[in-house]
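The first chain written gets the first letter, and so on, giving A, B, C and D; residue counts start at 1 in each chain.
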Amino acid sequence: MNFASDNSTIVAPEILDAVAGVNSGFALAYGNDDLTRTLERRMSEMFEREVATFLVATGTAANALAIAHCCQPWSAVLCHEASHLITDEAGAPEFFGGGVKLIGMPGENGKFTPETLIDMIGRGRGVPHSVIPAVVSLSQSTEFGTVYRNEEVRALAEAAHARGLAVHMDGARLANAVAHNNGSLADATWKAGVDVLSFGATKCGALAAEAVIFFDPPRAAGMASRRKRGGQLFSKHRFFAAQFLAWFESDLWLRLARHANNAASKLADGLRAAGLPPVWTVEANEVFVQLPAAADARLRAAGAAYVSWPQEFLPHGTVALPQHKLIRLVTSFATSDADIEKFVMLARGT
Amino acid sequence: MNFASDNSTIVAPEILDAVAGVNSGFALAYGNDDLTRTLERRMSEMFEREVATFLVATGTAANALAIAHCCQPWSAVLCHEASHLITDEAGAPEFFGGGVKLIGMPGENGKFTPETLIDMIGRGRGVPHSVIPAVVSLSQSTEFGTVYRNEEVRALAEAAHARGLAVHMDGARLANAVAHNNGSLADATWKAGVDVLSFGATKCGALAAEAVIFFDPPRAAGMASRRKRGGQLFSKHRFFAAQFLAWFESDLWLRLARHANNAASKLADGLRAAGLPPVWTVEANEVFVQLPAAADARLRAAGAAYVSWPQEFLPHGTVALPQHKLIRLVTSFATSDADIEKFVMLARGT
Amino acid sequence: MNFASDNSTIVAPEILDAVAGVNSGFALAYGNDDLTRTLERRMSEMFEREVATFLVATGTAANALAIAHCCQPWSAVLCHEASHLITDEAGAPEFFGGGVKLIGMPGENGKFTPETLIDMIGRGRGVPHSVIPAVVSLSQSTEFGTVYRNEEVRALAEAAHARGLAVHMDGARLANAVAHNNGSLADATWKAGVDVLSFGATKCGALAAEAVIFFDPPRAAGMASRRKRGGQLFSKHRFFAAQFLAWFESDLWLRLARHANNAASKLADGLRAAGLPPVWTVEANEVFVQLPAAADARLRAAGAAYVSWPQEFLPHGTVALPQHKLIRLVTSFATSDADIEKFVMLARGT
Amino acid sequence: MNFASDNSTIVAPEILDAVAGVNSGFALAYGNDDLTRTLERRMSEMFEREVATFLVATGTAANALAIAHCCQPWSAVLCHEASHLITDEAGAPEFFGGGVKLIGMPGENGKFTPETLIDMIGRGRGVPHSVIPAVVSLSQSTEFGTVYRNEEVRALAEAAHARGLAVHMDGARLANAVAHNNGSLADATWKAGVDVLSFGATKCGALAAEAVIFFDPPRAAGMASRRKRGGQLFSKHRFFAAQFLAWFESDLWLRLARHANNAASKLADGLRAAGLPPVWTVEANEVFVQLPAAADARLRAAGAAYVSWPQEFLPHGTVALPQHKLIRLVTSFATSDADIEKFVMLARGT
């Protein structure tokens, strides 16, 4: 019963097979190989426009490099106050960005609104005393398992662009969001106004496949140097290109994401029926509930894995129940019905 | 009628005289001169213990260098959400600190409490995902013209020290706070638990005299290099040492600060009598009021100088009055009774 | 005929098998898994003492993080003027180190001597004007395919330690050096005075397996945060631990390195017999020769891959031959006798 | 007998008078005052074109900020291997530039040639492995007291511009160079191809007056933020603007520089006559000689101040004399004939 995270699962067999499948012959290092060229073309096809693709080692690196590339060191990055960027990257964006400042914004369901964004952009004492908002970053799907509709993204992007800000999307779970919204990758990103994307396949089946995607390739000028000196240019690059290629093949990415999302829906349904309604609407592959202490003890004893979540993030109007803890449950392409049923049964206690 | 800031005033004549007074003969550059040695001893006397003193060019530099010196790049600095550090330094602490993260805390009257501090230290996902709180920084006097009592500082320092954090004080207006609290510089700083101080004389009469003071000199190891590569080591150093020496002479610093504080009290009294009560208690040399639009127009027309303040900082329970703006009035050693009276009269409108 | 680099080869099948072999079940992300624990113990066994191990994505990252961790931002790093650190990392050490300065030293055969090191440490104007030497970094094997004898490393380390510097080894090709020197990993590193090691398996058979090794574990304090914010903490960490474990299994690392070194010897012998003597003694897996233009054309036409090397690095006393270019040939565990013979034949031209 | 440096002298009385002369009335802080506006116009007049002017605290800051502003973090800065930038700034350019790399070039008389520059630009492994040359920086006058003729600057600038590099001039002693070359400030800078100038008045009479000058103002975009977060924006800005204004008044700057240069000439003549010929041609205000140990002892005993210089910088073909040390003697506007005569007499020993 692993609900700890979608990155504590295995690699999708198709992807590992693809890695083994390219393990023959000579290939120039550092991305100067044919397979990387193939991936670059494939990525452009997937996004229905020419894009500039930079593979990197981790989602943290993708986010930090993408943001640094859209900033001056005195820039501000506006994002949700609960975003991974702020809470879980150990200051990577500040480091890669030469000391940029992240400014957290409140917002229901892990999303913020154009109104909040516009208000925040308007604050500050002006140049040179205040940092200058340069980027808005949104997580899709969000930290709370919700999903921005594409129109919501577009409204944020319009507010940002009108004020000179670039739009970054932290797409560590973009596949799950696209599976939920039922549109294309293009709809979810540049057609909705996204300028730069951290595109993650690792949480959705890959071994280690993360990319920074620039939808306006000239904007990527200098990024090759930035990636290299960030220690993010793999030498045996073909084995990372191969992962993304396999992920795209026959819509594997979408099938894996749908499995994860469906698993979350089933889990939420089961828990709701057991009297444990999700704290936030379950749209992608995460379920948050307030779990009674007794259920927690039973589940832990049975080997269930999941993480606690800070109660400070509970929505306005939701009471922190006594003797409960807020927990996060993440499903993946590898989550089985049996695990869901077992978890629900133990949570219910009967 | 200059109430724009205490750094838009002149230099105290005693200080300028002292600068001229040392303008003869040869003196080794970069602080290797006798006068700098004299100041270092004098600084230790003023603080009643041996301290390490580093003169720098600006308050921004003092804050940023002091904080960087107490941090690793992955550290967090906890401070009031309205602190100068967060709102007015254009990201200098992040830059000098290699990408440290500033975390703002709420708190009435520009102060935060030990409870808030302890709560904030306890947040986060743990190492290595979260930045690590390493410094708490408090402004004395505060951004809202209030003053921490020395016991309040001590309580914060105890909470910080018990959790391994260093205590930094932004003392751009420390003289005003000491004048209000009526204790010594030692009482206000290391006796209350302060480890590192940004000590500013510029706002209180000097031309450009700011210092970073370490109360535990071994903690300053490496600071000479940090200051130099920060572009903060003046070559003709004696002229900056001379300013602090003159400021300390015959309690000039205290006399200047008292004048400024008294001017603020008078101004506040006058405005209160005119139906414009201060938004925060006036303890140092700043007065904040909600000014009617008509009074604002009259004052501006008469050449009064002052700045608007973001209404978002209004205390809980204080209503933003319609057709009013929140303004900040700063007094200085050079503020005259005539200017105060004229300002009050124009504000009152009769 | 791939002699371009040892990172343009395939992955050793044993290593890819090991990656596939751990692809089942749940494993906590970010290195909190059992396999990573196993690797940490195994690494200590291999080095015959307790070490602190940090896996990272690339050799650039290993070097930059290791060096940053031994430096203050105002430190200097002394290394060979032809070192990878200076010429090929796009400034990564400067970036990760917050602006440290690399100082190149001359030296025959890609090595520098204690005398040169001591002379360089003694230069400079002193604090705070000069940066402060804090680390000496040496590449083992060197950029020119030579190998420091363990006693040579020890002499350098003694000179460094006596002056307060830490010793870093760039071991991207350490396996090849150990294979040549015929000692143990312990002999090659901490027993010879190395404090911190960039330990690379990628060039010697792995997919992407690089580690920073601290021989004095307390020195690694803070490294977990530094790695995370450097974007270098893999989420699916087990698949990277598995590579090192397989590499150590049954001395695979040594067998792969020996194959590569032997291939280089054969290649050098063949070229010498063809009138193309190696520019530097061939000790590890690299051969440098001055290649006539006609041979270059023949080889390129036949699909041979190799890189040109700057003639400025030719040893004192070696004349740059007209109509020749200096080339580097790198062998690997995958280099075949057939390729060597074919290359030599084409180089000879008959 | 102060020949230690031109920054160990007093402030020119005219400049201190000017500082006192503006010490009345209210002036907005942070450069938003009328006097700063006046200086900006005056600076444009002095350079005979519209320039963007940024006052800063030190020459180190001017250099580091100017260079950072023309660089990406992965840029290389090419400069003389003996330049102040490399040897005396404690890594400030690396810090402000986010980890840029300084590359030293050899060259006779403290100058480098276009040939050397072009050769150095052409080195490296290419993107993304090597840093990318972005700036050439030259010191005028040089670290060895020599002066580039304006045509020499122009030739370097043409070589740089043709290859996409910007040209920075470290003008800590530009006044001395202009005094020697007998042209205008415009001739010495932008007319010779300089893009950005660190313009120092401190060594030539001011208290603390250093500026970054952009000859193409749009290039300065963002510099206000960069300066502020660098801790380099003085609050009581008028007192720094006043120094430059006084320095320009009635050609004071040129008169002070000529005095210093003439003093150096006299000193060199005297020493040459005493059998101590200057090591480098004396063109500005510095004289280097190899001083016998006995003379050194006599001079030190008599209180003469001067610094030793590393013998490694001796020109090719100049033998380091046994029992001698290489010393640097710097003259200033305050150097008296009496001091020169006394120094020569003591050096001669009779």
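Please note the rule applied: a residue touches a chain if its C-beta (ideal position, glycine included) is under 8 Å from a C-beta of that chain, and two chains touch if they have at least 3 such contacts.
From a predicted model like this one, the values you see are computed outputs, not experimental measurements.
Looking at chain pairs B-D and C-D, which one is connected by more C-beta pairs in contact?
Contact tally favours B-D.
With centres defined by CA atoms only, which chain is the most remote from chain B?
Computed centres place C farthest from chain B.
As a quick test, compute the distance in whole Å between the mean CA positions of chain B and chain C.
That pair's centroid distance is 51 Å.
Averaged over CA atoms, how far is the centre of chain B from the centre of chain D? Could you give it in whole Å?
Here the centre of chain D sits 34 Å away from the centre of chain B.
With centres defined as the mean C-alpha position, give me the chain C-chain D separation in Å.
41
Hey, what residues on chain D touch two or more of the other chains?
Counting only residues that touch two or more other chains, chain D contributes 73-74, 89-91, 95-96, 98-99, 128-129, 131, 225, 228-229, 233.
Going by the contact rule at the top, pick out the chain C residues touching chain B in the complex.
For this pair, the touching residues of chain C are 30, 72-74, 98-99, 127-129, 131-132, 222, 224-229, 233.
Per the contact definition, I'd like the list of chain B residues that touch chain A in the complex.
It is residues 73-74, 87-91, 94-102, 123-125, 128-131, 310, 312 of chain B that touch chain A.
Hey, which residues of chain D end up touching chain B in the complex?
2, 4-5, 7-11, 13, 16, 19-20, 23-29, 56-62, 64-65, 89-92, 95-96, 202-203, 207-208, 225, 228-236, 239-240, 305
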